[in-house]
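You will see two complexes here that share chain A, one where it goes with chain B and one where it goes with chain C.
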Partner chain A sequence: MARYYYYHVIYVGMINIMLFVPWILEQHRFNGAVSAMVIAIVFGTVLAYVTTSLFLRFPGMGLADILNNLLPRGIAVTLNLIGAFIWLTAGILVIYAYSATIQQFFNPDMNPYLFLLLMTLAGVWGASRCTRTVQFAQEILLLISAPLIIMILFKAIFSPWLDWDAIRVAAGYIRTPPSFVSFCAATFIFAGYNTLAIYNRLLPSGTKIRFRWITPLFCTFFLLVSFFIPIGFHGTVEVGEFLYLWSVTADSMILEYGFVYRVLYLFLLLYTALSLMFAMNTWHTAMEFIKACHPKHKPQPEQFPVPSSNWWITLVFAGLTFGYAIWTNEQRNQWVNENWLIARTVTDVLTPVILGLLILMGVRKKKSASSVKS
Partner chain B sequence: MLEQIKQQFQDATDLFTDTLDNGYWHMEIAYFPALCDEHIKDGLLVPFSYRFDPDEFRRMLHANPKFAKTDKPEGWASLLLKGFVLIRIGDDCYSFKSDRTLVTEPDTTQVEASLEGPQSAFTESLDLNLYLLRFRYNVPTLTVEPFEKGNFSNTAIQVVYDRKLVNRDVLELLYKQMEKVDLDLLLSSGQLVKSLTDKSHRFFPTLLQTERPDRVASMLRKGKIAILINGSRLAILLPVRLYDFMNAMDDYYDSFWISRLLATMRYIAVFLTLVLPAAYIAIVSYNPEIFRVQLAFTIDGSRAGVPYPSFIEVFIMLFMIEALIEASIRLPRFVGSTATTVGGLILGQAAQQAGLVSSIMIIVTSVVAISNFVIPNSAFSQSIRVLKYLFLIISMIYGISGVAVLFFAMIVYLCSLRSFGEPYFAFFTPHQRDLASQAPGKR
Partner chain C sequence: MKGPRTFLLIILISLLCTLTGCGFKDIDKRFFVVAMGIDQGSKINTYRVTLRLAIPSSKIESGEAKTEVETFEAPSIAEAVRHLKALVDKELDFGHCRVILFGKPLMEEGVDSALQWLSRRRDIAMVTFLGMAEPNAHIVLKLHPQSERYPGNALFLSFGSEGTESSFTLTEYLFDWARRQKETGKDAYLPIIRRDTDNNSYRLDRVAFLDKKKLRLCLDPAETQLFNISAKHFNKSFMGISYQGTRIVLGLTQVKSRMSISKDSVPVVNYFIRATGFLEQSPRNLLEENPSKIEKMLETELNSQLQDLMYKIRNAGVDPYGFGLHYLAQYFGRAKEWEHWKQVYPAVTFRVQSRIVIDKSGLIK
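Then we have the complex of A and B:
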């Protein structure tokens, strides 16, 4: 069922807005963002290709299962916990960012924790389902929301208010040496393949993921759009002033026909679905990583009703989200975001390295075994 | 024999027991006249009395399939209650099938009307239902397995499926679930549906009830299982998906584009009936800036005379419309149309002119009601009706963004449902790895 793989690729490509990827890129727009993006396109594509191919060598196994089976227990548990932490943080960051956005643009007089409560509850509800359910929900929600989001993106591209000169000016900074943070931010857009860490359990053996050009095509499109469109709307200098960059950018457009006038509201409603999907996915993955640390854990991608441990683990995640919301403010959130993006890039590189080593070890074992036999 | 039977049916005065004597033979006979039909006269009494011929009678007892030897006394009571006649000649006991069937013609469809499809519907008689089904699904692989449920009603149930197409794992699950069914009186298919579904299925039906034999036939062709219940006009189908509830039989008969168009329209209608009242509250009370200015002014202008917050207005109107729907179901048909006219037209108009509700709200209410009627399946339409209030409550607290979040939660809920181990809401899934085929013990 290779199509599920591309759903992940596409929505991760679109969710970057909620992880302040455009904001980080715009901060470095004169010193290294553009060149970093070019490198990231190549790097992300290669990494996506390699990691996917490696995962397909382990049919029906998630990353956690592979580690548990082939590595000593201590190392496997440590790696699983690191994985859980990275994934969990992603969900928390997006939920916090989206609640903050809604607080700013939709319900300014509402208690911010009230909306955060709703978002975390929805996240808990989604993440505690079984893997297969999450995958189904993913597909349907994406098929509902993605066409409209892409419509908004194209509306932005063809908008008469888009200043192509500003974009050309910004693109001219391609010769500056690339900056590391913006490189990490830009690679995130390609990171959809990472969800194979859990969803590989659902891929039957012998699955071939075809049409791999979809990954570079769509993700490059999303990357270029989320970096250049705001520049085109706000100008090369002004664009650095906004924190909720894409909300402001969406607000630069109007819908001529229909009930809703400002694109912003449509945009935010669509991103509700997308953010919750992302939270559902990341928390579910983190939950599965944590469950895999239990010595007697058996991966069960299909369960109905779900065990109570799912609920407890995700409820702890919700509590952590509240803790984060109380601790953080806008500066701290930016700092966490940047560091998370960097950490994520590191683990992203680590995953194929570990998988590759495991495969090599497996091959060598087989060879030595066969040589002993002969 | 008679002594034993009399002991079991001590005070049943409607039980007829006698010892008949035609001069040659004695015959003990017991039956319920109310449960038996006229066949008893031609089939038993005439050959025994004035056309009596011992050889012929003996031959009839052995050769006529309606007669069966029943020597076990413990089965007698249930046979009598099923409308059999018990006789004893010499030392041998026989039962004679003579149960009365009141229904001899198929019903016409009442709940699931169809424009161009067949108009016959299931009846309350199991035999006739089976005829309707066999007539449409005419292959030797059609398998019928009898069951009996209900401690006091002893209702006959038949599980029907195509042996070649059925998913064995689903069948196993069904049998397991059937064993757990413990009802005193099984009077309607709805009861069986309730006891076949787990407690965790709450908001949406995961078994489809239908009165249309053609729907059952087309589902059997897809490898699904049907359950027919004696005395119930509705057959139960499983496993089903959400699309089956949104599918009218006309979709099979109409041309491709028409049926696609109508199906799309139905989904839009479901969306509207779910979200529209909630969106009204959210937009009037929370985020009027979402709509373009002219529209926002129109809505607000129409609400100018309304003295209370929007959610009270919505609740008033929704209560009215729910009461109206309920009334028009329960009332006799002649009064029903009066009720709808008074309630719908006159009251609605008057309420708006009196300034109790806004005119936009009247539109919203009617859209909600009409859209709800578009759903072809009544059980599903009821669940949507209930779910609408959840959306209302969340929009009272959170506004339009709450509605979006709840919509997400609803989709996840739908995706998490399983109908006998098969996914309930998903796009073209492969059949492998279903719950049913994976772990038969768990559900």
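Then we have the complex of A and C:
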């Protein structure tokens, strides 16, 4: 079952492009992005390892269930709502960023809300399924899109037009003190393990997640690629000027004998699948967090047909997405993105801390109980 | 369960209302721009934009491809293009624009931010070929070669590696040009495109070097090929020398190079190049006699030619090889090193060391 865990790790590593992670990193390329990335690699790996191990101590329980069982109700509900908010925002940001990109590159004359509507509808439908279905859908989508995305990445790496001198110059800025925002942005790439917050429900007791080196290996690869490849294609100076950085980078490659000449269109198509998958996953997780706030909630990861509450909650999410799209513009969206990445890093650290405390408390209780008995 | 399903159905049906084909225009109501030319206008600070538009036809035959050339002058490229829309009957579509040419007078005058239009437009591919047209873009775009099967394809088959692959023709993409315009220690180049003397084809055998502002140097065909071999590692090229009254021509199959720049107060650029090739033309039994002697001769020839070229480029004040960038990369330099490099670049010395390997003599001895 460990493979489902790695699907999450891998697609979260790839979706960073839609959350402006490369853009934020490039903005700080001369003042601390590279050193922040190095720290983020170590930090992300350790955090992934610790959090995963802690979750495996609670077989068959999501984060929401753990909190509900072991903490006073008020605190548990608050934490669940914070979790739901963070996950929901992730989905909204990706859907908005993707529909903005599509509008920009496919048809600028199109009504921007039309594509948003299509994306949110697909997101609503996907997210309102039961956990097991979402997991299977993820496997299928990832297996379809990941090979082609990785092909594009390798095509970029081996392109003769990639300027390794520029990459080396940018890497030389490792000596600058790290910047906090780029650190938060870079750790996001390692955040795939967080999906255990809900999907841990599906892991039976006694599950071992082997091959843990996959997380640092793949995520470091994705981090380095999404930062350095645009520099290699657009130079150390020009790279800071592009808004849709990776779309433009994909556009700098050609498939001479492919069906489509511009790699851009293939790239955007693949990211449709990936963005939908991400929205489906995050909204589903947010939905489960919200459902867990109900006092009589019982987690049911395999359920058919799904209860109508699933529909209503995700429809509210869709409404919020529209609200966000109406409120936001490019500057606001970037501001929200940056702050979301920072907030996410904080909750990322909080999760293992809370879990660790709960385990310690549990151990102490058991000890005191046994000492009373004797 | 019934509620949500009806709800979804209502949404899906209401979606139908949006299918009015709002933004999309049919393909027969579009004019595909296959090439674009940007020239200096007749007045100061104006641009003359020339578009070559493909006229769709059912016949695919050489020489039958029809195109229309439209041109307009305006204070900026964006305005010119917008105004050009009033001169045609169909919607302009830049999605298939594969070549953009700049007129030579424009480049001599200097390119300014008006050309940012190219990077800003989302429908202009970053892999569009760029070139400098001589005497100007309008005249080159007016040419209608007989060999054209699809509208404009003679123009873009000449670039890249799809059609002809000539060692005299350099290829420059929009993204590369945009980055070279901004990059520290690396300057832009543009292949020069002219009408051939018979007025039936294009001629692309020279290259122009620009600094961040304007045109600085144009190379002749032999130097262009040398630049293509050394800077771009172009494989399908050749080298020729005279030997005992005959000519020896070496066809190159593999070129590798690397450079190393010393950190003296006035840096020395050591350029190592290794080329492997086969004999295309030579006297009989040459390789049996003394191959290493021929290799030595070719090496000396290449060393001196390449050094001359590098000094010529340096004296023109441009850096298309990216020596400056490599200097920064080699020593992980920053602003201070860059300032230093800019000061000493006019005085740097070049040392070229080449290694030539003749591995085959062709089919005969």
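One rule holds in what follows: the second predicted complex is superposed on the first by the 374 of 374 C-alpha atoms of A that agree within 3 Å, B and C clash if a C-alpha of one lies under 4 Å from a C-alpha of the other, contacts with A are read in each partner's own complex, and residues count from 1 in each chain.
In this section, a contact is a pair of C-beta atoms (placed from the backbone, for glycine too) under 8 Å apart; a residue touches a chain by one contact, two chains touch by 3 or more.
It should be emphasised that the depicted structure is a prediction, and the values quoted were computed from it without experimental measurement.
Using the contact criterion defined above for the overlaid structures, shared-chain residue A:130 touches chain B, although it does not reach chain C.
Residue contacts after overlaying the shared chain place A:95 against neither chain B nor chain C.
Residue contacts after overlaying the shared chain place A:204 against chain B, while chain C stays out of touching range.
Once chain A of one complex is fitted onto chain A of the other, the partner contacts of A:251 are limited to chain C, with no touch recorded for chain B. In the superposition on chain A, A:305 makes contact with both chain B and chain C. When the two complexes are overlaid on their common chain A, residue A:173 makes contact with chain C while staying clear of chain B.
In the superposition on chain A, contact is made by A:280 with chain B only, not with chain C.
After overlaying the two complexes on the shared chain, residue contacts for A:115 are found with chain B alone; chain C is out of touch. Legend: residue contacts after superposition of the two complexes on their common chain; A:355 is shown touching neither chain B nor chain C. On chain A, the patch touched by chain B and the patch touched by chain C overlap at residues 107, 110, 114, 118, 125, 261-262, 305. In the complex of the two chains, the chain A residues touching chain B come out as 1, 102, 106-107, 110, 114-115, 118-119, 122, 125-126, 129-130, 132-134, 136-137, 139-141, 143, 202, 204, 259-262, 265, 268-269, 272-273, 276-277, 280, 301-306.
Those residues of chain C whose C-beta lies close enough to touch chain A in the complex are 1, 3-4, 7-8, 11, 15, 18, 22-24, 119, 122, 125-127, 161-162, 173, 175-176, 178-184, 186, 233, 322, 325-326, 328-330, 332-334.
Chain A makes touch with chain C in their complex at residues 104-105, 107-111, 114, 117-118, 121, 125, 160-161, 163-166, 168-169, 171-173, 175, 233-239, 241, 248, 251-254, 256, 261-262, 264, 305, 308, 311, 315. Note for the complex: chain B touches chain A at residues 198, 200, 286-287, 289-293, 295, 394, 397-402, 404-409, 411-413, 415-418, 421, 423, 425-427, 429-430, 432-435, 438, 442-443.
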